[in-house]
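Note that the chains take the letters A, B, C and D in the order they are written out, and that residue 1 is the start of every chain.
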Amino acid sequence: MNNNVDLSVNIAGLKLKNPVIAASGTFGFGREYAEYMDLNKLGGISVKGLTLKPRQGNKPPRIAETPAGILNSVGLQNPGVEAFIKEEIPFLRQYNLGIIANIAGNTIEDYCEMAEILGDADIDAIELNVSCPNVKAGGIAFGTSCAGISEITKRVKAYCKKPLIVKLTPNVTDIKETAKAAEDSGADAVSLINTILGMAIDIHRRKPILANNMGGLSGPAVKPVAVRMVYEVSKTVKIPVIGMGGITTGEDAIEFLLAGAAAVMVGTANFVNPAACLDVIHGMEAYLRQYHIGCVSEIVGKLELNQ
Amino acid sequence: MNNNVDLSVNIAGLKLKNPVIAASGTFGFGREYAEYMDLNKLGGISVKGLTLKPRQGNKPPRIAETPAGILNSVGLQNPGVEAFIKEEIPFLRQYNLGIIANIAGNTIEDYCEMAEILGDADIDAIELNVSCPNVKAGGIAFGTSCAGISEITKRVKAYCKKPLIVKLTPNVTDIKETAKAAEDSGADAVSLINTILGMAIDIHRRKPILANNMGGLSGPAVKPVAVRMVYEVSKTVKIPVIGMGGITTGEDAIEFLLAGAAAVMVGTANFVNPAACLDVIHGMEAYLRQYHIGCVSEIVGKLELNQ
Amino acid sequence: MAQVLKEKIAALDKLAPGVFKMTLKSEIIAQTALPGQFVNVKCSEGLNALLRRPISICNVDRDSNTFDIVFQIKGIGTEYLSQKKVGSEVDIIGPLGNPFRVEGEFKKIAVVGGGIGIFPLLNLLKASSAEHKDAFLGFRNKELIVLEEEFTQASDQLFISTDDGSAGHKGLITDLFINEIDKKKYDIVYTCGPTPMIKKVVEIAHKNNIRCQVSLEQRMGCGIGACLVCACKTRLGDEWEYSHVCKDGPVFWSNEVIFD
Amino acid sequence: MAQVLKEKIAALDKLAPGVFKMTLKSEIIAQTALPGQFVNVKCSEGLNALLRRPISICNVDRDSNTFDIVFQIKGIGTEYLSQKKVGSEVDIIGPLGNPFRVEGEFKKIAVVGGGIGIFPLLNLLKASSAEHKDAFLGFRNKELIVLEEEFTQASDQLFISTDDGSAGHKGLITDLFINEIDKKKYDIVYTCGPTPMIKKVVEIAHKNNIRCQVSLEQRMGCGIGACLVCACKTRLGDEWEYSHVCKDGPVFWSNEVIFD
């Protein structure tokens, strides 16, 4: 058996030793998971969505379980971009992994200011969260129209010294169009999918379970939708695609790579299994070994359609 | 305990003894399920999607299992509207249940012709399937834009002697808009959700599992998305809403009623449990008894939002 | 008539790596199932392996009111099924499908099976009252040979091949079948297994003017003929149509089916 | 430090309708868990009850290296958990959370619990070396009274109330607590249960200048402080912030928490 599977990837300049990234909002700033795994093993981490100022987020309950999935409405609770730079980057930099700053704002100016502030910070990429369904202003409002995506991507790009990843929402009629808008406006990569807007009802209280009423669906349930969208987008844009949505195992991740993702993110699965990211890496490696594939990038987009 | 729960509903003139309808495409023309249940117990049936001429549908495999859901790409295999009238209506009319003709076409003319042909047939309502993701022409093409929905609804309505239900696709940015378009164009009711476009990959063959490559996601996985959309639509339109997507139990159905559905359809659950529709009816009834609600319509739309 | 049944597991044994035999107590299946029919099994509770899995009835014991299924682990469904505990109940629907035709008119019969396709053939051999019964079974290797004893007893002559030659003939089972055809003058051949094997058997049968029944596989939804997902191409005059494996099949006459 | 553990079920008993006690073999939990901590339990395999469920450690036995959880069936997760078989393994993460403060400075203590909130309090009573320990437990009715024996042994005096008066005091458990307060001059009261009860205990404690720790509940995602879903309002100077039950709690000082 060949032990030298090359898992390294280069996503628009973001170099990772393997294509598995902890998804934003599900992994905090990595601290908590350091108890359960060697963070050095991770390809990267996309940190909890940052805003210009600290945010407290939405009222609890912020989570509801649904069949094979969860709804969340955290609403971007975070310490703000300054605290992130001061307290979290130094912690994360002890480890050998890519650091992606996931940013969200109420206004385009917020996003630009954050990109500027992060310009001198020791991060490896910025992920533009224009797809959070859990905040009133900003977030998803930018992400559902091509015009919204275009404007915000162009303006943030001007301040951005690192690879700019635009995170797309699945809550659109045609994700190929929003992906194209991101590409045309200067995005270095796109990541998808963010959560699908959903609702769960407590039939005894006759109220939504989430205090915020609606939330974003993630977890295994969304995987087929995510794979489809990753396929559509990767056939549409030339920039790299980072795929996510329901990934729990190496096999799941391989589906996304075949569909065209250059790297993947693992979210909800971390809650069930704190070592999920490592399991995904190992499963991926086992698959590549089984088929004597020396380099993970060889299978990216290698899906063949049925005629 | 009060045994007289009134489950009857009237959806824009479609009178049903209870609000549970077998969803189109999952129940054939009822024949097969007659072995497993007394069809007289059902509120109604929406028959397999009909086309003007018989259709063979897509190549197999036409189904793939996904986490808590399935993808299908049947592609409207059906004997055509004439055979339906001649062979299936007489069979179904032996039973006391509402008959909904689900129709799909390649062109608006097809839809109109079917509506005309069905005008003299002994059915109780027509469900306009403008949301099938599994056929190339027609289907979903009409369903994703307000203009498409408007035109087809208006034109079919002119031929339609029975209540016209427009079935909406969830593959849109804002389902409130397409629902409004249907209402404004003469729909007597809307039903939702049809399936969500998805894909599943056989990583060993490196091909999609479905011969048709993509298919429609249904089953428990989609429930939170469906509940959210039913809520949004029922707050937007005044015409009745028929809710579906992942309903497996009476509790699930109650979620949809609270969210605003006047009736529900049960699809994928029938495959797992041929008596699923009856279980849903019984579960619903038990809930109403528990809360001493005499009439099912009393709880429709009774969801209270959290502040 | 098929029913939804909750039946108790009387025994569960591993026959070979990844291959299990499960014996279920079930008066209805034991007394009414015909060879070639299958049960549709809920392999795990709730959302895990959501859909039922079709598994052939491999053997029925009318005296003890039990029947056997034999299955190979392919994915999560069969994996969960293999982990069930003896004494617990399994939710099945059955007996389902269109059975093999085993009436008396056929005096000399052959069954040709490969892989998981051999299982319905055992029940067929036992149910047939033909004067001469030959069984041709192909396996991947010696380790995966199962039910040899049972097939030996149920047939007059048993032929075995393995892909790697670790037991029996090395190569295709159809090689052995073709060898016997002239000698035996079978009235009918029944076949089930991988599509390439079935095609080959059908080709041989047609060339030799032997009637032939095939049992097909397809991914299923409802298993009872309502959802139309389990399509297979069959002849309709000069045209073709999609029939359905769960209801029109799994057993078809070989000249009905179009392989492409 | 918390770990992901697969631990064997040593015993599973029904204590009352819908209430079960599960004893798990676990050296790590038995030796390291502190009162008030919890384990996060994968109640079923795979997709069923996808998220882990937080359940308090009710009792630890350092000699036999086991610990107990007691849980009430609320929905699918606890339902699946109650169906596990003795001898099988459960996937848990623990010990988790910020424990009760049980140091020696507190000489007279009281615990006030309601419903499922009583379970962590047993472990607390056992771990505390206070000179006098009173336990106040509220139940819905007589049928649902559990662990009476254990609480009797672990405390100096046990007070019980039921909503319907079918056992003990009829009414709120806080009625009994208020009665004892003047006599006992508790140094601290620990409370866990329904929010209205907790609020009332806190109010009484503050009025009487008794220190008070509360254990809170909230729906959880990760259980380890990363996903930020399990928010609860706490004081931050004159302002407030959202702390997190799984990591900052479940135990808080009563004056830290803002109930609204």
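As a working rule, a contact is a pair of C-beta atoms (placed from the backbone, for glycine too) under 8 Å apart; a residue touches a chain by one contact, two chains touch by 3 or more.
Source: prediction; values computed, not measured.
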{"item": "Taking each chain's C-alpha mean as its centre, the one farthest from chain B", "value": "D"}
{"item": "CA centroid of chain B to CA centroid of chain C, Å", "value": "36"}
{"item": "Cα-centroid distance, chain C relative to chain D, in whole angstrom", "value": "55"}
{"item": "Chain A-chain B separation of Cα centroids, rounded to whole Å", "value": "34"}
{"item": "Intercentroid distance (Cα basis), chain C paired with chain A, Å", "value": "46"}
{"item": "Set of chain C residues in contact with two or more other chains", "value": "47"}
{"item": "Contacts with 2+ other chains: residues of chain B", "value": "59, 64, 67-69, 219-220"}
{"item": "Topology of the chain contact graph, where touching chains are joined (line, ring, star, complete, other)", "value": "ring"}
{"item": "Complete list of chain pairs which touch one another", "value": "A-B, A-D, B-C, C-D"}
{"item": "Chain D to chain A touching residues, read off their complex", "value": "1-4, 42, 47, 49-52, 93, 218-232, 240-242, 247"}
{"item": "Residues of chain B that touch chain C when the two form their complex", "value": "25-28, 31-33, 35-36, 48, 56-57, 59-65, 67-70, 72, 74, 77, 209, 219-220, 270-275"}
{"item": "Chain D-facing residues of chain C, complex", "value": "44-48, 76, 85"}
{"item": "List of chain B residues in touch with chain A within their complex", "value": "59, 64, 66-69, 71, 144-145, 171-174, 196-201, 203, 206-208, 210-214, 217, 219-225, 227-228, 231, 246, 251, 254-255, 258-259, 287, 299, 302-306"}
